[in-house]
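Next come the structures, one after another.
Below, subunit A partners subunit B and then partners subunit C, in two separate complexes.
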Partner chain A sequence: MVSDAGPARPNIAMWGAPTSGKTTLLAALSIALLQRRSPWRIVGADDASTAFLKDKAAALSRGKEFPRATQAMDRYRWVLIGEGEQRDGLLRRRPKPTPAPRIGLNLLDPPGGVYGDEPDKFGTDQQELLDNLVGSKGIVFLFDPLREFERGDAFDYLYGALTQLAGRMLGSDGYTGDRLPHHLAVCITKFDEYRVLETAKELKLLVTDPEDPYGFPRIDDDDAVELFKWLCRISASGSAEMVLNALDQFFRRDRIKFFVTSSIGFYLDPRTNFFNPDDYQNLIPKPAEGVSFHIRGPVHPINVMEPIVWLGERLAGEPPNEGPGR
Partner chain B sequence: MSGETVQLSAEWAIEGKQPGSLDDYGILACSQGQLGHNDFAKIKTRYTTGTPEELPQVTLAWVGGGENTRLVLAIQEWSDQEDRTGRQIAVTRYFCVPYSQVAAQPVSYEALYLALDRSPLPAADPLTFSVPRLDPAAIAARIDGTAIGAAALLLTDQHVCVLRGESLPLLDRLRFLDTVAALLPYGMRTKLTAATWTSSTAEHKIKVSFARHVPEGTHSIIWGGLARVPTKAYDVGHYLDLLLHCSRYTELVGWLAAAGEPLAFQPSGVTKALATLAAFHVPSRSGDVTVAIANPVDHYSVEALLNECADLVPQGQSLRLTAILDGLARQAGARGNAATRDEQVHYRKIIRERRLLEGDRGLPESLHLQLCGVILAVGYGPKLVFEDMRRIFQDFAPTSVLMAAMVRMPAEPLVALTLAARLGPETLTMVLDALGTACLVELAAREPHDPLLVQVICDELVRRGSNGAEDPDIAMTLREHRYLVDAVQALHPDRVEVQFVLLRKLLKAAYGPSLHRREFEEVVGDPPDFGSPPLMAAAITLHGPGAGEIILTSVADRLRGARLPHDTMRMVETYLSQPASAEPLPEPRGRLSPWARLTHGRPRSRKSAQTAIPVRTLYTLLAVFIALSIIEFIALLPIAQR
Partner chain C sequence: MTESGEDLLTKALAEAIAQLSGPRRLTVVEVTVSGITTFGLRRDETGTPRCRFGPPVPWTDLAGDPATDPPEEATEEQVLLAAVGVPPGSEVFLVCGSPDDPPTAQVMEWLRAARPEATAFTRPGARVETLLREILLHEPLCRSYDLVVLKRHPETGRLELSSHPLFLVGARRGDTLRVQVRCDHGDEYGTAFAVVAWQGPRPRLLSVQTARLTPGRYDFTAELERPGRVRFVGLPGLVRDDRDWAELIAAVPAVLGGEVEPAHLICAVEVSGAAKQVDERLIRVRQMITVMSGGTTPELVVSLVAYGAHSYDRRATQEPVEVAGWLMSPEQALHSLTDWERRGATTPGYPYAAQVEDMLAEVADRLGKTEPRRTVLLTVGDRPPHPPRVHRSEILPCPDRHDWELLLAWIERRAGMTLGAICDRPPEQADPIWQRLGGGAPIQLEVADVRRLGDDLGLSPPKAQRIPFPLIETP
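And then the complex of A and B:
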C-alpha cells in the first residue's frame, strides 16, 4: 500500500539557535490551548503529527521532559480549528451555524545548527532549508536571552541564512518587493527565567490578566519589543542589537510582531496554586550536578499559542510565495 | 560457506555533543583516513533518521562510488551525559567499510553490527576486525512473506515503511533488514539504505525502515503481513512472484549474495536484478517438476486457487497448500483495490460455501493462521471494516486463530480493538498503543455500545491519565463526548454506584486528582446538566468544598438570565443562599443579596407584578428540588470512593 503523494509544503518555519526552544514551543502548544480555554483547538492532519501533539505534550506536562534535541528537518501538519457561530437565518427563522474556521499549519522544525554559519559542521542541509523557507509564508523566530547572554550568537544564527534567503527571493528577477514577504513572529523565549522576568519588572512592563486564575505576570505584545531591545544590550558579543536592524531591513514592519513567551511557564506552589513572586522558577539546576537543569513543577505555557494563531490567521487565504524558479 | 571469516577495515567517526553544551549535534572525532570531518558530517546529514525516541538503533547505508564505495553502519545509543537543558545526549558511531572488501566475500549486516558494536571509539586508524562470512542457511530460515514483500517493494525506489514492528528487539529488526537485503543482489547494497527506526515526521533518505506511522508518499507493510505491490509496477510484481515461488531459499540467498556487481535502484538496476533472479531456476514445491521461476502462477484465477485451497485443507497437504496460499497472496497483493465489489462478493460466496475460515482444520497453527490471513485478504481486503467482521462472525465461529488473522489485517480501529479486546493483553496492548486518545473515546461513545470495548477503553484512558500523567487529549475528547456517561451507563446498567466510581476515575485521568473551578464547570456544564447524576456526583467529590456554591451560582445566573421579575429573583437568590433553618426574608425590601448586586434590577411592569407569585414559587421549588436531589444522591453513595 502506498500512502498519498508527496508531503505538503511547510508554510511556517521555526527559526532559532540550538536550544532556543523551537520544538519545546511546539510541544507546549496543545497544553497552552487546553489550559487557556482557547476558542482554538489543534489537531493533527496526519498520524505522525497527531502523535507529536499527544506524546510531546504529555512528556512535557507529565514527565517534565523537554523534547529531545532535534536532529532532522521535522515536519508537522496540524489544523487549527476555531469555533463556528450561530447566525440568524433568513428572516430570522432558524439560527444557522457557520462553519468553524480552519487554518492549516504545515510546520518545519529544523535543528538550530542549520541556521548557523557552519551548517556543514553540524551536518545539516541548508539548501534544503532555504528551499523550504522560500516556499513558506510565516516564520517563528526565537530569541533566547539566556543564550544571548552566554554566547551572544543570535545574530549569527539569523543573518547568514537570512541573507541567503533574501538573495534567493529579493535578488530574483521575478520578485518586485523590497522586503521578504513572510510574516514574522519574534518570540522572546524563557520569560520564566529570573533574569528575564526581573528585567521586565525593572522596565515596568509586567501586567497581570485579571482573568488568569494563577495570576501570572505577562507582557503586552505591544511592549514586547521594548523588552527585546533591552535584552539585546546584555548580549555577550554585542551583536544582538543588529538582530533588530536585520529584521527591519529584510521584513515588512507591518508583518512583524513580538511576543514574550515561556513554554514551561512559572512554578506554582501546589498549596496555593497561585503565582508567588518570591518562588516562581520552574527550571532549576539538577541537584549535585550544576551542569544541566530540570523542570520543577507542572508546566503552564505563556504566550505560546498566540504567535502560532497570529501567524495562522494571517496566512489563512494567502497565496503561496513565488520563489525563483518555482 | 559458514565458519569462514573475512578480515575487514573501517574508517570511523563519533557524533554527539559536549556535556552541558548549548550546541547542536556534530562530529566530535573521526579517523584520519580518506574520509574527513566534513565527509562524516555529510554522511550524518544524508542518513539522519530523525530525532531519536528509543535507542539503540542501527542505520545501514553507503557512501562514495566506484572503487571508493563504502558500506556505512551507524549505531546510535544514549550516553549517560546531558546537555544544558537536561536532555540526554545520543552518541552515534559511524563505520565505513570499503565495499571492495565484501563484494567477493559477502558478509551480513548483522555480523558487521555484532563485530563493530564491540569496538569502542576512538579506535585504531583504520579499525580492523573480522566477521564471519554470510551464512545463507541462517538467513533463509528467516525468510517470510513480509521480507519478500519488502524486498520487492524496494525495487519501486520509494521508501518502504514496516509498521507495528518498531517495538521488536533491535536484533530482530536488524535481522529482518538483513533478510530483505539478502533477497536482492548483493551489489544493491552499494545503494541500499535501511534503518531499524525512522521518525515519521522527519525528512530522510532511508529506503526501508521500521516506523510508527506511514509518512506520505511511502509504501507500508505491516509486520507479519503481506505486501501490496502497485499493479503498474510489472517488474516489481514479477520479482515478487519469483521470490514467492522459490522453494530453495538457502540456495537462492547464496545465489544473490554472489551477485556483487554494484546495482542502483533505478530502472536499469531493477532490470538486472530481475534477470539475476530469473536466472535462478528452482523446482516447484511439488518436487518433481522443474519450472522456470519466471513462469509464475498468474494464469490461475483467484476462484480456482480458492477452490484448490479448500480441496487441500482436509488432505493436510501442507507444502502444496503453502504454495497455493503464496499464489493467492500474490493475487490479493497485486490486485490490491482492483478487485471489484462483485468479484469480492463472489469470492466470499466461495469462502462461505467451502468453509475456508472454519476453525479446527487439523492444520499446524502457523499454517492455519496463514490460511485465514490470505483468505481474509482475498475476500475482505484491503481493509477490514466492521460490517464485514460482523458478517464473518455470522458465517464462522470466532476462533482465536481467525481473530488473530483478522487483527493482523489493516482494519478500521473499531475492528482492530473489538478483536484485540478478545485476544488477550498482548494483542490488546499493541492495538491500544497504535490508537490515539481521541479515537478511543470516539469508539467508546459509538452506539450501540459494546460493553467489553467500553471497559477496555475506560481502563486505557485511566491508565493514560494515571500516576500524575496528563494526556491533554483525554479532557478535550471526553468533554466532546459528554464524559462517556451513556457508554458507562450501558456498561453498568442499574448500578449507579459503579457508574459513579468509573466516571470519577475518568475525570481524574482527564484533570488530575482534583477539579479546579473551571474544570468543574466544564464537567457539570453551565447551567449544570443533571442528566447524569453519577457524573455530577463524581465532579462534586473531585472538586470538594465549594462545589455547591458553584452550582447554585450557575443556577442563579441562569435564572437571572431569564429576566424573572425582580422580586421573584431576589427571593430565589435568598432561598438558594440561605441554610434551611434560616428565616425567609420578609417579602420585598430589605438588603440586596450579594448576587443581586451584580445586576441592575429592571422596573417591574404591571404585568410582571401580576405574574410574579406563581413564577417565583415555581422557580424557587425547582431550585430547592435540584439542590436537595444532589445532596440526597451524594448521601446515598458509598463515602467518596477515591
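And then the complex of A and C:
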C-alpha cells in the first residue's frame, strides 16, 4: 500500500461499459507487469485496492474465474510506480536521476446503467464517475467488441458520458480548448475470442513478434484503429461507427491511441507451449451452466500493460494533477 | 374323289390338322341323316389345335324336309352353302356318314359340286366328332412346353424369370417328367405353376394353376394330358388361375430377400447431460435392442458405444469413449446396458458439445477391421460434435483433432451402412449434424417409436417372402 500523502500526481481513469472487462484488465495488468519484467509496478493506494488486486490477480492466474459482475459502485485506487533511475523512454530527456514517476490509477467500477441508458438511477454514482473523469488526465477506455456484436450499445454508452463530461469541462468558462484534454487509450478487448481474432485475420492485420517465445499473434498499435473501425461497422446496432466520430469530436487526435488487448491471452497447448492457430480459445464454459466461464490454461495477457505504460509515459511529463484544463 | 375306310379318313384328318399353323384353317363338314355339322379347326397361339363345332343343323332348319318337299336345286344349294359357313381360304373336308340315305346323298352331291377342291369321304356310320377328338388327344406336340420358374443370382440376390423344360416337341399324351423346385411364401394367389409354349424367342402362356404351399422343396410330376394341358401330380390344392402373363410378371419381386444375413446394430449413446435425459436415452436403446431381436428375425448382433463430454479443465481427467462390447448377442448387449443404466449420467464436462467425433472415430476404426455387412449406426444423444479446429461455432476443438465430417462421410459411404438417430430435441431445433447422423430423418427422443424406427432402418424381421413362382436352384 502506498500512502496517499505527498504531491499530487496525474491520474488515469478506467472507463468502459459493464462487462467490458475493466477489473479483469487490471488483474491481468498486475500479472503482465510481473511476466514482462516491466519497470513499472502497480501497488494499491489503500488496503481495499491492494486486496482487490491481490485476489483478482491470483484468481486469474489460477484460471478459476473472472471477477464477479459489479453490482454496486466499487472504488479502487492504485499507483503505478516507474523507475527513478531509468534513462530511456520518457526519462531520456532528464540528465539527472529523478524521483520515481508515480501515476494514479483509479477504477470506479459502476454497475450497468450509470452512464447511458439509466442516467437517473444512479445519480450520485454518476456524479462521482464524472468527477473521476474530470480529475483524470488519462483515460483507459475499454471497447468490448463482443458486446458490440451482441448488443451494439457502445455509442449510446460512450456518447451519453462524453456529452456530460464535455458539458462539465468544455462548457465551463475556465477552459479555452475545443477538445477534452485527456490522453485516451482505447483498448479493444477480448482479442483472444474467435470472432475478434478471425476478423483481424481476415483483415490481414495479424503479425507475430519473432521475439515472442509463444508465437502469439498481435496487431500493431498503428493498425489497431483499422480493426476498431471494422468492428464498429459490424456491430449489432450499426451505431458504433459513430463511436470513432465521437472520439474525434471530443478528444485531440494526437492524444488517442488504440490497443488490441486480451486480459487472458490465448490458450497454449502444454505439449508444445506454442500458439496453435487451430486451438487457441482460452475460455471454457462451466460444465452444466454454460453461462459463466473459466479459464482453460495459463493466463498470458496481451497488450494489457502497453496502454497503461503509454499513458504513464505521456502523463509523467505533464504537471501534477492540477486539473485537465488548458 | 371319294375314299372310304376309317383309317384313311383318320389319317387324312390327322395330316391336315398337323399342317395347321398361323392363319390356316380346316373345316370338316359332316352330312348325316340328322343334318349338317360343321367343325372348324385351327391352332391357337400356343400351337394347340382347337376345334369348334355346334350341334347338327337339321334339314328342316335349312330348307325344309328334302324328302317330302324337295326345293329347287339352286335354292337348296345356296341355303346349304350358306349354312355350312366355310371361312375363306379354309381347307375343306366333306364327310358323308349316311350315304344310303338319298336326301343326305343328294346334299352331299350338292356340297361336292359347290366345293370341288374339298376332300370328300363317304363312310357309313362315321362320327367325325369322335374321330377329331381322338386325333387331337394324341397329336404330338409341335412346340416345347416349359414351367415358369425363378432363379436367384447367387451374388446379387436379384431374381431372374426363367423356365424349366417339361416337354419337348413330339411329346405325346401320357408323357411325364419329375420336377424338383423350392417354393417360398407365394403371393395372395399362392405359388403359380405356369406352363408356357415356346415359339421362337417368345413364350406363350399355356396354362396357370396355383396352390398355397408351405415353403419348402417339392418333388412332383408333370404329365402331358393332351396338347394344351399339363397336369401336375404331387402338388396339393392346385386351382385354376386366370391371370394373364402381364399380371403374373408384375408379381415378381426384384430381389430375393429370404436369406438375410444378421444385421449389426451399433448403438452409440451420449451419456453426459441431464440425468433424466441420459436415462431416457438408455431406455430407448434397450427398447430398440429388445424389439429388434425378438420374433422370427434373423440373428441380430449388437455393439454398444457410450460417449460423453470432453473436459478442458486441466485438473480433470478425460473420460474416453467406452465400448461395452462389439458384435455381441442381444442378450449380452442388454446385460451391458444394465451397467450403464445403474451408472447413469457421467460427469458433465464441456456443456456445448459432446464426443460425437470421438465416437465416430472409434466406430470407423472398428468397422474398418471387419468385412462390410448390413450395419445400422444408431446415435442417441443431443449435443453436436467438437470441430477438429477452431470454428465459428466457438465450440472448442476436439483434443484429438478428430474430424467428424470426414469420419461420418467414411461411415456413410461404407457398403451396407444405414444411419439412424434419436435426438433429445425435435429435428428443427437440433444441431444440423443430427440430420446426417439420422440419415436425413432423426427422430425426437420423447416421441421415438422404436419399432417404426427399426422398420425404417431395415432392422425389423423381414416379412414373409412373396415369391409367386417356384424357385429353381442355380449351380
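As a working rule, the second predicted complex is superposed on the first by the 254 of 326 C-alpha atoms of A that agree within 3 Å, B and C clash if a C-alpha of one lies under 4 Å from a C-alpha of the other, contacts with A are read in each partner's own complex, and residues count from 1 in each chain.
The rule we apply is simple: a contact is a pair of C-beta atoms (placed from the backbone, for glycine too) under 8 Å apart; a residue touches a chain by one contact, two chains touch by 3 or more.
Just so it is clear, the structure is predicted and the values come from calculations on it, not from any experiment.
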**Partner chain in contact with A:D47 - subunit B first, subunit C second, else both or neither** = first
**Item:** Touched partner set for A:E150, first subunit B, second subunit C, both or neither
**Value:** first
**Request:** Would you check which partner chain A:E198 touches, where first means subunit B only, second means subunit C only, and both and neither mean what they say?
**Result:** second
**Message:** Which partner chains sit in contact with A:I31 here, subunit B, subunit C, both or neither? Use first/second/both/neither.
**Reply:** first
**Prompt:** When the two structures are overlaid on chain A, which partner does A:N106 contact: first (subunit B), second (subunit C), both, or neither?
**Reply:** neither
**Request:** Scan A:Y280 for contacts with subunit B and subunit C and give back first, second, both or neither.
**Result:** second
**Prompt:** What's your read, subunit B or subunit C touching more residues of subunit A?
**Reply:** B
**Prompt:** Looking at the overlay, what does A:N303 touch: subunit B (first), subunit C (second), both, or neither?
**Reply:** neither
**Message:** With both complexes superposed on chain A, which partner does A:T189 reach: first (subunit B), second (subunit C), both or neither?
**Reply:** neither
**Complete:** Going through subunit A, the residues touched by subunit B and also by subunit C turn out to be 286, 294
**Item:** Residues of subunit A that touch subunit B when the two form their complex
**Value:** 1-8, 17-19, 23, 30-31, 34, 37, 41, 43, 46-54, 57-58, 61-62, 65-76, 111-113, 116, 120-125, 128, 147, 150-151, 213, 273, 286, 291-294, 298
**Request:** State the interface residues of subunit B toward subunit A in the complex, per the touch definition above.
**Result:** 15, 17, 19-20, 22-27, 38, 40-45, 48-53, 82-88, 90, 158, 199-204, 212-221, 228, 230, 336, 382, 410, 436-438, 468-473, 475-476, 516-518
**subunit A residues touching subunit C - in the complex, by the definition given at the top** = 63, 193-195, 198, 270, 277-281, 284-290, 294, 296-297
**Prompt:** What residues of subunit C sit close enough to touch subunit A in their complex?
**Reply:** 309, 311-314, 347-352, 388-392, 394, 396-397, 401
